[in-house]
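First chain written, first letter: the chains are A, B and C, and each begins at residue 1.
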Amino acid sequence: MSGVSAPLIHTLSLAMIITSFAAVEARNLRNATIAYLFQALLVTGLLAAYSVQNPALIFWAATALVTKAVLVPWFLWRATAGAEQETKPLINFGVSAVLLLALLATMFKLMHANAGLFIDVTGEFAALAQTNLAVAFTIFVLGIYAILTRRDAIKTVIGLCLLENGVHLSLVSLAPAIKETALAGIATEVVVTVYLLLYIIGGIREKFKTTDTFKLSELHW
Amino acid sequence: MPTEIKSALPALVVIAPAAAAVLIFAIGRFTSWLKEALALAGSACALVASYEIGLAAFRGSALTSFGRQLYADSLSAVLVILISGIGLLSIVYALRYMRHQAAPGEAQHTTTPRRLAVFYGWLMLFLSTMLWACLSNNIIMLYVAVEASTITSGLLVAFYWDKRALEAGYKYLMLLTVGITFALFGCVLVYAAGAHVIGGARGLLLSDLRSVAGGFPVATVVLASAFLIVGFGTKAGLAPFHPWLPDAHAEAPTPVSALLSGVMLKVAIYALVRTVSMFYPGFAPISMFVLALGVFTLVIGDIMALAQDDLKRMLAYSSVSQMGYVLMGFGIGTPLGIYAGLFHLLNHALAKSLLFLATGAVTYSTGLRRISDLGGLAKKMPVTVFCFFAGALAIAGMPPFNGFQSKLALFIAGAHAGVWWAVILGLAGSLITLLVALKAAKSVFWGKPSAAVSAAAVKEAPATMTVVMVILALLCLGIGLYPKAVYRPLNAASAVVQTVTSGQPALEAPCPGALPVEAGTPSAAPPDTSTHVLPRR
Amino acid sequence: MHAGTIAINGLLALLLAPLFDGVTRKVRAIVHSRKGPPLTQTYMDILKLLGKEDLRCTTSAIFRFAPAAAFASFLVVALLTPMGAYPGTGLNGDMIVWIYFLTFGAAAIILMASASGNPFAKMGGAREIMLLLSVEPIVVASLITAAVKSRSLLLPDMSAHNFTAGPSVSMAVAGVALFLALQATLGRLPFDIAEAESEVVGGALVEQGGPSLALLKMALLMRQAIYSYILVQVFIPWPALSPWPLMLVSSAVKVAVIFVLAAVIEAVSPRLRIDQAMTYMSRVLFVALAALAFAAIGV
């Protein structure tokens, strides 16, 4: 079985990290949605690239295409209608960029060094699996960063989607033989959760007149 | 290993409520009684099926469906009976309660008869996913089912669609989804390690993973356990992952709160125990960590409960602390400890549901929720008062209620295992819980009626609601007076976890109530040989 | 061959820059439905200016010598810029020298603006500084990307590498970034903020007259030509034509195309405010840094 080309994987992975960063940082919510759309397409592309060495992943790629690249961006697009500018987060772009770069570099190094904890590092595709895990974890960390530091509720939902993308990408290396039904189940859940969250945020916008999470302070203690 | 029998019962338990939900969504809003009838039918069906499963499982067999994807052994059986039982009771309670909320005079909420169909539909789906989680044998599907229970309860939490409910719903969905993702990592790690040893298809099945879990590499085990504890612990409301819990449980409609506090937390603990206890025998520090986490949760929950003014929030924090007790039992790890943990799980489910339903009855009659607004209801609502007291004393661990029996078992187990610090903190927590419960009861039911109460036309809650509460209260009282009644199921259930713990068949755990009061049954002496690896102090 | 290359580069810069400006004016006129001046108009303007009296408004030495300094530094930069005749001057690290002299020239103009005492000139100078600070990093980042790919700091090596190695992701992205910043480097609408005729009356140029103005205009025109040549030679060097005069001609044609494009954009665009321009540039910087990241992983 021919291996998958490493430069292709590296290009796709880096492009994916860049689009994730754009999705987190873009102040206009619709631009962030578009950046997320590209990120989802790149995830699908990566999965398709990996399916060269593991044919079952084609199904995974197809599911990812439908759920991540079609449904979720559509929901986000509808939810951002008429409320496009994000409430400014506390950390501005410059500081955020530097912080993020440092975080990403650290995560990447950590994962690359410790990948042996998670997977078998002696197989022939081990190097690619290591890269994949490192990239998946960096996107996971990006998602958590977005959820923690963004003030706008819709941006946190985008962060959640990024987080889930990272997790699903890591499944490629962690659990290569997973059954399709399990994958389908996992993928559907994210979409339903996103839909419900956006529905509730719609209600929040109606009642609170804003999606700023700092204003969600009716309940404390 | 129990003998496996193929059966349709586990499938029926999961599918009946789901089918009811589909029907309710499709045709439920056309007539006024159809949705409630379907809901009752679905949950009653599940209860009957669970009972049948229980009968078979406690005799030593395990029922499987869908080619071993659903697997009902004693532990699962105890939980599904609990879930479907309390589910049915909540639905009966909700019949009157939700209609009252939907009545045209209620300006407070935006509930309409049409939305009631949505309510019952999601409720049945919620029940179905919880039942599925307790019966699932596939570790990835366990994650899927637990996540599905979050999704289905999301709209239920935000049901009232006002500011507080929406905020609670948003936080609920967000925090739990992030938390459960950690559990996914954990599940996948366990699966990967298992698939390495026994192949991909079998590596998914919990029943098969248990036998090989001892041989996994240490790093994988530590990481997987950490992820699983964080993931399922978030869902179970363990500190420090509990912030979603008070908001969600307080803002949801009362029947939903009863289910969330009374049952969903138990499902999360079940998932945690099912997965993490695989590693107990080989890796002692894990059970120690679980124990410490349990004690930490217990203390935090109690302290926060003291500071609350809102009745429902106080009850929610109390749930946090009681889950700490349950986890403490599982963390102790000896046969008696596990039995005590399960026993407390059962008792808390009954008592906490009772407390929430009683609080709901108070809200139903007076329209108020804050302790400072209430007072002097004892004369006007005697049945509710009795039930509330029963629940409060049960939670606090006072005889003759069931909480006393399970907490006693916990403390004895802790003493035998030598973890005195846990026992002392647990006792202190118990006292604080008692204080909290009594303070709430006193200010709600005794004293002079506050202005708000006198103004409202307060009378006793309607029959459907009081009957449910009385059933639960009698159960609490009954188990407290006669704990041997639940000995057999619980022993069989804890045996499931114990075979994992010690690799040996179940020891004769004594029934804690069989301290020299009961006559007739031969009671074994408490085991002083702790086969578990906790160090003796 | 070295001296010859230098001579060729210098002549090209001096002779072609006004021609490109003529092309720009003609294209702008066509877009505006006018006939426009002939292509050689700019030569005539500069020659006319050389014959006028050199009026000065201050006795400051900076004011006196700045036009010549700017002209000289941009001429040096033009000598270093590959324009299609190979090999280059052979100065090691000549990308750094290139950037240094460009900045030096720009600094000379800015100093002259503040030395003139005219408030319009000072405003123009301040805007020029801000624009420079936001555009320079993009140019530097793109060139560093090319340097990483070709493993050399020599500008001719960078363009030669692009021939041999073919197109690559990082070079493409860097080229896009540089193209997006092109209007600002050329100082044209929508980015001609520093020399806005209707806002700051020409900015730094307002107090100059006669030969000094001619020198300044030539300097600015050469700067435009230099930036276009760098974009063309380093990032879009194909096709490779073998006798070097042919290569010269094809590069000149490509640069002319760039100028036409820039003129069209200029003719239809409004002017951006400085803060809008800086926001836009920060986004383009993001693209340039992405190109650098791609080059770092070797793509």
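Some notes on this structure:
As a working rule, a residue touches a chain if its C-beta (ideal position, glycine included) is under 8 Å from a C-beta of that chain, and two chains touch if they have at least 3 such contacts.
Keep in mind that what you see is a predicted model, and the values were worked out from it rather than measured.
Chain nearest the geometric middle of the protein is A, using mean C-alpha positions.
Using mean Cα coordinates as chain centres, the one most removed from chain A is C. For the pair chain A and chain C, the distance between C-alpha centroids works out to 41 Å.
Annotation: 72 Å between the Cα-based centres of chain B and chain C. Mean C-alpha positions place chain A and chain B at a centre distance of 33 Å.
Of all residues in chain A, those touching chain C in their complex are 7, 10-11, 14, 18, 22, 93.
Interface of chain C with chain A (complex): residues 169, 282, 286, 290, 293-294, 297-299. Note for the complex: chain A touches chain B at residues 117-120, 144, 147, 153, 156, 160, 163-164, 167, 170-171, 174-175, 177-179, 182, 185-186, 189, 192-193, 196-197, 199-201, 203-204, 207-208, 216, 218-219, 221. By the touch rule above, chain B contacts chain A in their complex via residues 138, 140-141, 143-144, 147-148, 150-151, 154-155, 158, 161-164, 166-171, 173-174, 177-178, 181, 184-185, 188-189, 191-192, 195-196, 200-201, 204, 219-220, 223, 246-247, 250-251, 304, 307-308, 313.
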